[in-house]
Amino acid sequence: MTEQLRPDGSLRHLLTLETLPRAQIERLLDRAQVFVRPLGERPPRSRSLAGLTVANLFTEPSTRTRVSFELAAKRLGAEVVNLEVQLSSRVKGESMLDTVYTLQALHVDALVIRDAEAGVPELVAAHVAPHVSVLSAGEAHVSHPTQGLLDALTIYQRKQRFAGLAVAIVGDVRHSRVARSAWHALRALGVTDLRIVGPAALLPAADEFEGCARFKSIARGLEGVDVVMMLRIQKERFGEADVPDGEKYFTTWGLTPERLALARPDAIVMHPQPMNRGVEIASQVADGPQSVIRDQVRNGVAVRMAVLAEVLGARGGA
Amino acid sequence: MTEQLRPDGSLRHLLTLETLPRAQIERLLDRAQVFVRPLGERPPRSRSLAGLTVANLFTEPSTRTRVSFELAAKRLGAEVVNLEVQLSSRVKGESMLDTVYTLQALHVDALVIRDAEAGVPELVAAHVAPHVSVLSAGEAHVSHPTQGLLDALTIYQRKQRFAGLAVAIVGDVRHSRVARSAWHALRALGVTDLRIVGPAALLPAADEFEGCARFKSIARGLEGVDVVMMLRIQKERFGEADVPDGEKYFTTWGLTPERLALARPDAIVMHPQPMNRGVEIASQVADGPQSVIRDQVRNGVAVRMAVLAEVLGARGGA
Amino acid sequence: MTEQLRPDGSLRHLLTLETLPRAQIERLLDRAQVFVRPLGERPPRSRSLAGLTVANLFTEPSTRTRVSFELAAKRLGAEVVNLEVQLSSRVKGESMLDTVYTLQALHVDALVIRDAEAGVPELVAAHVAPHVSVLSAGEAHVSHPTQGLLDALTIYQRKQRFAGLAVAIVGDVRHSRVARSAWHALRALGVTDLRIVGPAALLPAADEFEGCARFKSIARGLEGVDVVMMLRIQKERFGEADVPDGEKYFTTWGLTPERLALARPDAIVMHPQPMNRGVEIASQVADGPQSVIRDQVRNGVAVRMAVLAEVLGARGGA
């Protein structure tokens, strides 16, 4: 496992929240909060990363996450280059590393990597030069650390605490990097009542999500929770074992106002987007007063600014 | 219909020229003229939109228009992000709005939207937060307002007036947003002899283009005009009713030097590009002394600077 | 042949090294060297091209070269726009020129053009306005002048001379623009022992590469050389005449440590990338102590900065 911290304890890479010390997570959340502005106000800007270069290297498309990282870097004064690369799988690891060495030789300081295959961000982090940082922007089903941080920040903004909260993660937990990173973050931050809720075929293997209660009924899973984190369901899951397809999924698993009423009255509703409205979530809920889905997006760019500032800060400055 | 103006009369969105007051159109043209520089001179630059973010959200490809908006925004100091999104049509409206809410939450201040489906720019404008502006960069066959403005500006630069001009719009008027926006602009600006010229199958329905004379012969349509606006013909039109295909189209409808000679000797020739040379227009004409096609492009970036400055100006400033 | 130099002898376009005077090549190398920084140090930045606009116009994908030009331009303060255009071949020349006229009218000052068809950069250069510069970023099999310059710079950094060096270019020389531009540069700079090495079917026609010795055995071709320039082999070559396919190619033509041992002990190994590891080159060699492949990339951005500064310098300055 590549070390994410430098010998002095500062953050160098962000590949996963699984092994990140609680103090480091809290530090990133504090730092991100400073970059948060209400909708309609100007986002903060600085030149603290002027002269540095950030490359977004995406092998699977994700316009939203790419734009969020791009704006985070630009608002700190960095240059940004975007690369969408298709790598044939036979030589993928090698080609990825050669691309990374190329970017490094072009004086890129941070690599933001999104890849559908497990292990790629870590492979890259293990090979870059000491001054280069690697940030995962989503790794297969394994990890999506900036998403985990923005989810934690969003919860904290509304609840002002983690201890004592009940959080339900609902849907296709098995294949979800969002769920895994949320679990890593919330566990570290002291959430003890963490529930995973979904059809059996979409719950993770028994040795995963240790300490989480498992629910195969959405009604029971949502009972009394403070936070409902909905996940996106991929259409290719429909028809698997006990996963009902299309409209039936909504009937059994969709978050409706009625089901949300089972949670605490002040419960918040989250979704990593893009949403399948009418499949995993009703539009009434997605756009309703308990939804904090747009806060998540706003917090996403703040979290990415915090992470970039943290890993590159010592090298920055015009 | 979403209101394009703010209560104080200033421009907030630019979705169509159809309902824009003449004074507002004139104001945009005046403002655009200030940004015009001769070829070879440096374009004007300012920091008046520093700290603001413009997103180009294109669901159909249009490199030229995207680059024109991109340079307009950058030359005023704004950050620009480009998104090319493919939205499945079944959930298009919803997905588009979710993408827009995401961009808004990322502190995007203006959305430049290009879409092949009618109604999308207006749908978006109806849903964004009060501080966000929406600019259409081309909406189906309905509207292309910055094109209409740049066409008007180009005519004014050469003719120094609109009253009393005769203008012929030639070709596939039926499917053309360029023609519609030209018609809206020129009608508002006082052009009374506005002609639409093309094969019957490519002329608009009888209740459209009110006040325009219709010609099914290019020779008669061009007689004595001051301005010839050629339109691009899509190959998929060939073979429809009375639309001759390929080379025959040129024989019957192409703008040749001989046909252009029927217009006034100082008539100008316009085309929105990309051109099908040898189909709707002869290269001799496109590159000839009466062509102002490259002026149109130059004016396009000036018009887009004016529009961005107008809708965002009050929020801008480093 | 379009003149690359202005009447005062300064560089206006960079289309090929074939006709570039030695003094001009040396001047570009000197200028590039100033922009070189060790890995881990900040790249130099200036505002010398502030207010100018560079367009990357690529009709075949090449992420690395595009990013290299993009960073070169941005680090000199220019605005950069990227365009990937697909042009149908029937009307390619015309469409390309219309796109170029559009960019020129948008006040683009330099066009970086990559195209799979021979003649396109020169066609464009012959048609742009006097203040616009055209830079080839790779033209069919014909020319890749910035690659030739970065290869020469890389050799000079390690050998401090060109005279008296023995250089072997190995592999698919016939289809390689990299080989041609290296040959142009090195011949001009005084390398006299220049060898082309490869299977007969991949060696160029007899009237090309004048003055180069030809080798159909890699062992003999590498004997005593100072520089080994490996080329990428395209999979579509396998099976042609005497070109063994896949793994067999490596057996006969791949650069292994054993073969490299036939060169001088201080020989350097180059590759333009992307590499087919295990096909034309062994990973041991690509990543070994004699490899300067990453230096080539670093030098690439320095060379592109030098070229941009050279062609645009007189117009630049904020």
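In order of appearance the chains are A, B and C, and numbering begins at 1 in each one.
The criterion applied here is as follows: a contact is a pair of C-beta atoms (placed from the backbone, for glycine too) under 8 Å apart; a residue touches a chain by one contact, two chains touch by 3 or more.
Owing to the predicted nature of the structure, the values given are computational and were not obtained by experimental measurement.
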| item | value |
| --- | --- |
| Both-way neighbours, i.e. chains that touch chain C and touch chain B | A |
| Between chain A and its twin chain B, rotation from the CA superposition, multiple of 5 degrees | 120 |
| Same or different contact residues where chain C meets its copy chain A, judged by the half mark | different |
| Where chain A and chain C are represented by their mean Cα positions, the distance between them in whole Å | 40 |
| Chain C, residues touching no fewer than two other chains | none |
| Complex contact set, residues of chain C against chain B | 51-53, 55, 79, 81, 83-85, 91, 94-95, 98-99, 101-107, 129-131, 315 |
| Touch list for chain B against partner chain C, complex | 37, 39-43, 45, 63-64, 67-68, 70-71, 74-75, 273-277, 283, 294-295, 297-298, 300-301 |
